[in-house]
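In the two complexes that follow, subunit A is the common piece, with subunit B as its partner first and subunit C second.
Let's turn to the complex of A and B:
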């Protein structure tokens, strides 16, 4: 479901899902939180493959961000599809997540 | 009501047998996906949730037993009914498989129509059991007098309030509506959506609603009317309640002043409301700045007055109305929803007919749907 693409200042992680929903939200949250705990690095999450996100999965990403913040780390989002980016802005999640087009913009 | 095709995932390394099975199931009205290995099946399941899985036992790389063991470790997949297809009559093997909660075993030389009948009967049993459990919980909820949708709408001078709510697949989910009259002057209208679906979200609703009701009443008692202050209070409690850790909810909160007819609004991570200006025919977004309840102790809530003129309408809704399943997959599309709403409103429809047009068809529904209309008469 998630793959570490590169590890430098950040952990660059691809999310290999086309539909991010209730069925995979818990598993995703557990994996991201354990990555944060193990690596103690901020995560750049590439969601380019994700075509649809439901509210359960958004909740899991927010839970990961809250966990990261408690460790003084961050979860950064890149590669959002236009519909998903729009949804994120509509519900004001763009106020809490740093959002970039791709990895290169983060660095 | 339209019958929704049951989805089944067929796993077999023999493409010919797979094709035969797939044709037989499709003919019987099932929607089939086929894969040639257990590894492929696991990949497929990340973006697709079938109603049942039929898997060959003998496959290279990962056999059916290993496949089943892997699925049992993943909570999202462990409850999907699973049938082993095997050419092997080894009873020891069958016992081992049943120990892995494979719901059934079918020998591969069984005529295909018998396999289809077996699957149908299995899915019916699973469905019946699910319905019985749901009935039990509904009974318990009714006994506790817990409702997520109100019976009646308080009378408000000059404002007609209508609402509609539909559970996803008839299982209560995360949406909740409430109308609260605190005194002769003020009434509150609220619409929330707990993130997460089904029973889990539904259980959290009661804690959230209790906090919201209490915050509204305590605020009014102490002379505080601001919807933003009320949201901040609810958010503070939710953020500090260990039981609600990682539970997030959106909330649109409106206060109606029944003396002056004024309407005030604050939102928490909710979909922007839509205000239809009858005179100009424009439909405008009403944005708020507040974050989801439970996200951070400071949720940046603000209150604004929404001025409705005669014949104006205000729509408050959850994402079940903007999300839908299309052929190319599920989508969230707020703008298309707004555009459609605006087109429909030019005919000045009643809420009832608007609802008929707006509500997604059962096949395309992906979440709970709730919409409230406030119409200034």
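Let's turn to the complex of A and C:
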């Protein structure tokens, strides 16, 4: 479901899902929090493959961000499809997450 | 998500002559996704019915299920008060306005000293309330009926 693509200053992580929803939100949350605990690095989460997202998965990403912040780390979002980016802005999560087009913009 | 795609394809066909069809389809997509997610998470039944009604100036998306009615129907209200807070976090306050039907409204809170640890992780009702022009709930035994309305402009 999530794959570490590269590890340097950040953990670059791809989400290998086209539908990010209630069915996989809990497993995603468990995996991403486990990664934060193991690696103790901020995560750049690439959501480019995700075509559909629901509130359950958005909640899991927010839970991951809260966990990261409690460790003085971060979860940064890249590769959002346009309507997912619009949804994120609609519920004001763009005020909470750092969002970039791709990984190169993060550096 | 084939069902959502099928419904959106049907809506798109009907909206070809409408201004802002792209925006309507974006909003309809997330309303449908969240109504169906809500059915799976909360209704407690194995079945939900989704209807789409398009008139000259309005698109209605209606979800009905025979699960337990929303507890807020039994909320004790002080005399004269018709609005009850159903969710609050540092970014939004969500209210239910009680009447013949329950109408959801949302207010954005001022973002001073944003404390991310206090942000909710439940966005379903918020997404529908913010994407719809009007979002309401009514209980007609045995059905819970949620209706999201989007205004259409030619």
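The rule is short, and it goes like this: the second predicted complex is superposed on the first by the 107 of 107 C-alpha atoms of A that agree within 3 Å, B and C clash if a C-alpha of one lies under 4 Å from a C-alpha of the other, contacts with A are read in each partner's own complex, and residues count from 1 in each chain.
By our rule, a contact is a pair of C-beta atoms (placed from the backbone, for glycine too) under 8 Å apart; a residue touches a chain by one contact, two chains touch by 3 or more.
Note that the structure is predicted; figures quoted are calculated from it, not measured.
Look at subunit A after the overlay: subunit B and subunit C clash there.
When both complexes are overlaid on chain A, the residue A:36 reaches neither subunit B nor subunit C. In the superposition on chain A, A:26 contacts subunit B only, with no contact to subunit C. In the superposed pair of complexes, A:1 makes contact with subunit B only, with no contact to subunit C. Considering which of subunit B and subunit C touches more of subunit A, the answer is B. By the touch criterion defined above, A:91 reaches both subunit B and subunit C.
In the superposed model, A:13 makes contact with neither subunit B nor subunit C. Of the two partner chains, neither subunit B nor subunit C is touched by A:106. Contact with both subunit B and subunit C is seen for A:56 once the two complexes are overlaid on the shared chain. Of the two partner chains placed by superposition, only subunit C is touched by A:70; subunit B is not. Within subunit A, the residues touching subunit B in one complex and subunit C in the other are 19, 21-22, 52, 54-56, 58-59, 62-63, 66, 83, 86-87, 90-92, 95-96.
Within the complex, the subunit B residues that touch subunit A are 46-49, 74-77, 174, 193, 195-198, 246-248, 250, 269-272, 289-292, 295-296, 300, 319, 323, 329-335, 366-367. Residues of subunit A touching subunit C in their complex: 19, 21-22, 52, 54-56, 58-60, 62-63, 65-66, 69-70, 83, 86-87, 90-92, 95-96. The touching residues of subunit A, when paired with subunit B in their complex, are 1, 16-19, 21-27, 29, 51-56, 58-59, 62-63, 66, 83-84, 86-87, 90-93, 95-96. Of all residues in subunit C, only 1, 4, 26, 29-30, 33-34, 37, 40-41, 91-92, 108, 111, 114, 116-117, 119-124, 126-127, 130-131 touch subunit A in the complex they form.
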